[in-house]
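Order of writing sets the labels: A, B, C, D, E and F. Residues in every chain begin at 1.
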Amino acid sequence: MSLVTATIKRDLVIAARNPGEWLNPLMFFLMVLALFPLAVDPDPNFLAKIAAGVVWVAALLSTLLSLDSLFKADVEDGTLEQWLASGESLYAMALGKAFTHWCISGLPLTIVAPLLALMMNLPENAYSALFFSLLLGTPILSLLGAVGAALTAGVRSGGLLLSLVILPLYTPILIFGASAVYHAGIEMEYLGQLGFLASFLCMAMTLTPFAVAGALKLNLSR
Amino acid sequence: MSLVTATIKRDLVIAARNPGEWLNPLMFFLMVLALFPLAVDPDPNFLAKIAAGVVWVAALLSTLLSLDSLFKADVEDGTLEQWLASGESLYAMALGKAFTHWCISGLPLTIVAPLLALMMNLPENAYSALFFSLLLGTPILSLLGAVGAALTAGVRSGGLLLSLVILPLYTPILIFGASAVYHAGIEMEYLGQLGFLASFLCMAMTLTPFAVAGALKLNLSR
Amino acid sequence: MTPSASLEQSNRFTHFCDLIAHNVSCERDDRILFENLSLTVQKGDLIQLVGPNGAGKTTLLRLMAGLNQDFQGEVHWHGENIQRCYQDYARQRLYIGHLSAIKKVLTPLENLRWFVSSWPEVKEADLWQALADVTLAGYEDVPCQQLSAGQQRRVALARLLVTPTPLWILDEPFTALDKEGVAWLEDQLARHVAAGGTVLITSHHALSDIPALRYIELGMHK
Amino acid sequence: MTPSASLEQSNRFTHFCDLIAHNVSCERDDRILFENLSLTVQKGDLIQLVGPNGAGKTTLLRLMAGLNQDFQGEVHWHGENIQRCYQDYARQRLYIGHLSAIKKVLTPLENLRWFVSSWPEVKEADLWQALADVTLAGYEDVPCQQLSAGQQRRVALARLLVTPTPLWILDEPFTALDKEGVAWLEDQLARHVAAGGTVLITSHHALSDIPALRYIELGMHK
Amino acid sequence: MYFDNFADFLAMGKHGFYVWLCYGITAVVIVVNIIAPMLQRKKLIEQQARLQRREKNNAS
Amino acid sequence: MWEALKRLYHRMGSPKWFYEISTRWLPWFAIPAGLCLIVGTVWGLAFAPADYQQGNSFRIIYIHVPAALLAQSAFAMMAMAGAVFLIWRMKMAAWVAASIAPIGASFCFLALITGAIWGKPTWGTWWVWDARLTSMLLLLFLYFGVMALQQAMDTEDNSAKAGAILSLVGLVNIPIIKYSVDWWNTLHQPATLTLTEKPAMATEMLIPLLIMIAGFYLLFATLVFLRTRNKILWHERKKSWVNKLIQTPAGRS
């Protein structure tokens, strides 16, 4: 077993051992969704209009929050140092880490989102669009997020710096994702948006690992 | 100078030395505000309707994020242990810490909020309500937040656990705060809501430090 | 440290009261670390806890310092349970554990200033002198993150020179110190007990011949 | 470790190539740590870096390990710059730094398994044996957070027994070890160099008489 | 000149406030951007000169 | 040819050379910049005719457009300098990138603030979520992110690298952001409040605009020189040529 697979496996075991790691993003997602009607207006018709956008914003914020710890623990306890010392490819590690992160945050979120969208009174025909847009979009969030997490891993109170770095990069995905759901809701074509998300995903898969690998090295040379 | 004042001073010096600590919550606030129009609908009339709620939700989330590091660093580097070892009152420390946190997150946010509300097209007569509701509300957020931060300080990936603990406590404040602003916008009486916030604040100031002190002790007995 | 200073200390320490552990027992994970252990610490004692890794030295030390209440038995100070008279007790003992409570963004001087803030009688000049004594002259204004492991340890140990407490409780203080540093610390310990102070210490390092030295051996009860 | 095992290792290490630092210089914060330092490390060498705190031992070690590229001069392995042949080099040397790369929620066995995942030839039985050798038999399945400081260190050191690399680079490996542990580690070092391995180590601890031992002294250039 | 008199020029139709505000802010931002590095340079050089003098004194 | 390029590259990498050449060039940028800005401003404010629809508020264009153009190209330049630093480890490039960031952010801020002020008389509101405005706001965030990273790490080298990586990622993302935002706004909302379509601008309006654009670019170059020179002085303060420079009265001017 190579170090990459070993690391993926290890991280999943750790996540299984503190379930908070994958339950918390879910709970956060749920709570942002719950806050909205409280703060704005609980009228169902009104909620139906904003549902697509709010679900996507909540997904994005909850991914963002779970990113903070993606590399931080590894930097602090020396795991990353050992990675670099091992001489194995950082590109592969970056991909592996983003994959684990998606398994822990994006995937569960994609699965429960349709359920929660019920609470927001999302129009019925938008459910499949919601599911597929999240399925394509959340991996991009994880990949781009890994860049930010790697850049800020060694920084104290990096959590917020991370959001500063990442949110501008997230907006295109938010726009395409939310509009796919919105259009599905008003019975318009939405395959175009999904297509864009798919092509973004391909780009992100090939390019971001380079940036992550570069950024991780920074945390080590002292 | 007692240890409490020394700690407040020290924390403010640290914040001054990495400006990220108080700038980042502000930036996050701004960016969450920007996400909404992108995800939902940029129509100004529509935005005016949701402005009050969105500004309050954004303020709440940004406070939430800056809470994570409130006690964590102190637990990890042994400062908290030294506090306990010093025999000085943990109640005073809890108050002091909440105060520093408010200076760094709540206060700047209250000051810039009216400016950002412009971007959300908030009705003109709601500005003073926005300002005062935030001025009364953000200290409560800091105080309640300190309880959550203390409870989760020793926990890995505590950031999200923290949100779970805290968000339910935050909802009443969100409801009163947002509705004060909303009512002011449609030219209705809003002093009642502010009164509630003020009385919450008094309660929080006297009660939460006990909870914080208790929670901090938990982090130490090993 | 000048002779006159230690003389002054010697007078100050006349009020030292006995610290006595009565039949303390402690178990972790169903393994008994020590059972019915009694220990009397008197003026002028230098007690080193020895034993293999995992024997419970740190645990016993924290318990004597009043930081850990998860044990059976009682620890008395001046005939009173330390938890009862904790504030008085805390002002008479200095605890330095594994964690150094040093803020990395602050300078050695600022860190030291915080440590002594409960003792208003300590003067600014003493702090400079203490830093010079631990061979950090010239580093007073360098942020601690730029110091090496041993230099950071020295900042923490500079407290020994400035806080006027008779009882020192030190957990592995020799960690990361170079030869010269080790010699300096041994000298400090000898001076302190000679001046009527008391030291309770864990270390795997063999202390050189100080007449007052006593060992407490903790074994592995498997 | 049985004699046959070390014999086997001795054969394995015949391919060891020289590690040579050519005129390396390093400065931090305008202070020169070392200048035009040349160092040849050959098969069977045991080299201890000594010097006061802050002399630059850790820095030199990391640089020789290829983890730090912020210096002048070159480090060659088998006549080639280590950054060029990093993958090959990395497979031939083991680096253990201040940080142990141990995940607290995982057990010693799981941690060790991750460490050796790049060496598929290492068998599961070897891992159990190694943990038994560092006197952690019976702790294989206890999460590492429940181990004492020295026990955690032992988990990290168990790697010495299982990773088949000729070159060991160790930064203060004696930290937190008890007497017995120190003796064990000294024995391992002696065996390793006797078997044709090479060790580069920093420690403030005086190693007992191993014939191959050489010192490199780093001074303070103020 | 497009305007008839100076008062007109200041008033800019009804838009004087907006136009002058823009130009004012721009002037401030540009001036700050010019002054800041110049001050910084002065400080740097003074500080360095002081250090040099001190070193010279120490040496002699 | 190749040799000449290589020589140029090595020269560019030498802080001393850059410092000296910039000393010589600085007036050639600063003076034309000042001239252009003064001429352009006076012409734009006092002599250009008012817009038939917007009246005199349109004079804001002479700041708004140059600032907006510059803010975008400065980001690209910063990313390029960052790439040079990452690939060839040329320290000079890192210093240039670090100098560009705050200047680019200032111009981005100017474009936003002048746009917002202009919006009040023309659209009756300070801010709308128009595609261009939004993408400009995001560009400002990107600048802030890069600036924050350029100071975040514990060594200067690492900070510079982190900033460079983000500016490169940002550079790839800018077209995507711009495109998506354009597309988003046109779909959600009929173009009630878009920026005025570029009318065939009258030459007497266009010429001052071109002058101002030139002035802004020259000013930008001047500012980058100023800041980079400070960075050079600081990093090379131990070198003999800096010491000599400080002792000569010319260096103090």
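What we mean here is this: contacts are C-beta pairs under 8 Å (C-beta built on N, C-alpha and C of every residue); 3 or more make two chains touch, one makes a residue touch a chain.
If you're wondering where the values come from, they're calculated on a predicted model, not measured in any experiment.
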Name, by label, each chain that touches both members of the pair subunit B and subunit F.
-> A
Taking each chain's centre as the mean of its CA atoms, which one is farthest from the centre of subunit D?
-> E
Equivalent interface positions on subunit C and subunit D, same or different at half | same
Report the inter-chain centroid distance for subunit B and subunit C in whole angstrom, where each centroid is the mean of the CA atoms.
-> 38
Centroid spacing, where centroids are CA-atom means, of subunit B and subunit D in whole angstrom | 47
Centre-of-Cα separation between subunit E and subunit C, whole angstrom | 56
Find every residue in subunit F that makes contact with two or more other chains and list them.
-> 138, 141, 144, 148, 152, 154-155, 157, 181, 184, 188
The positions of subunit A in contact with two or more other chains are 18, 73, 155-156, 161, 164, 167-168, 171, 175, 221-222
On subunit C, where are the residues touching two or more other chains?
-> 98, 104-105, 146
Between which chains does touch occur?
-> A-B, A-D, A-F, B-C, B-F, C-D, D-F, E-F
Given the complex, residues on subunit D that touch subunit C span 28-29, 51-55, 58, 98, 138, 142, 146-151, 153-154, 172, 175-182, 204, 222
Once bound in the complex, which stretches of subunit A touch subunit B?
-> 18, 20-21, 24-25, 27-28, 31-32, 35-36, 38-41, 49-50, 52-54, 56-57, 60-61, 65-66, 68-69, 73, 155-157, 159-161, 163-164, 167-168, 171, 174-175, 178
State the interface residues of subunit F toward subunit E in the complex, per the touch definition above.
-> 41, 45-50, 55-57, 59-60, 63-64, 67, 102-103, 106, 109-110, 113-114, 117-118, 120-121, 219, 222-223, 226-227, 229-230, 233-234, 237, 242-243, 246-247, 251-252
Within the complex, which stretch of subunit D touches subunit F?
-> 30, 70
Considering the complex alone, what residue numbers of subunit D touch subunit A?
-> 59, 62, 65-70, 86-91, 93, 95, 97-106, 110, 113-115, 117-118, 120
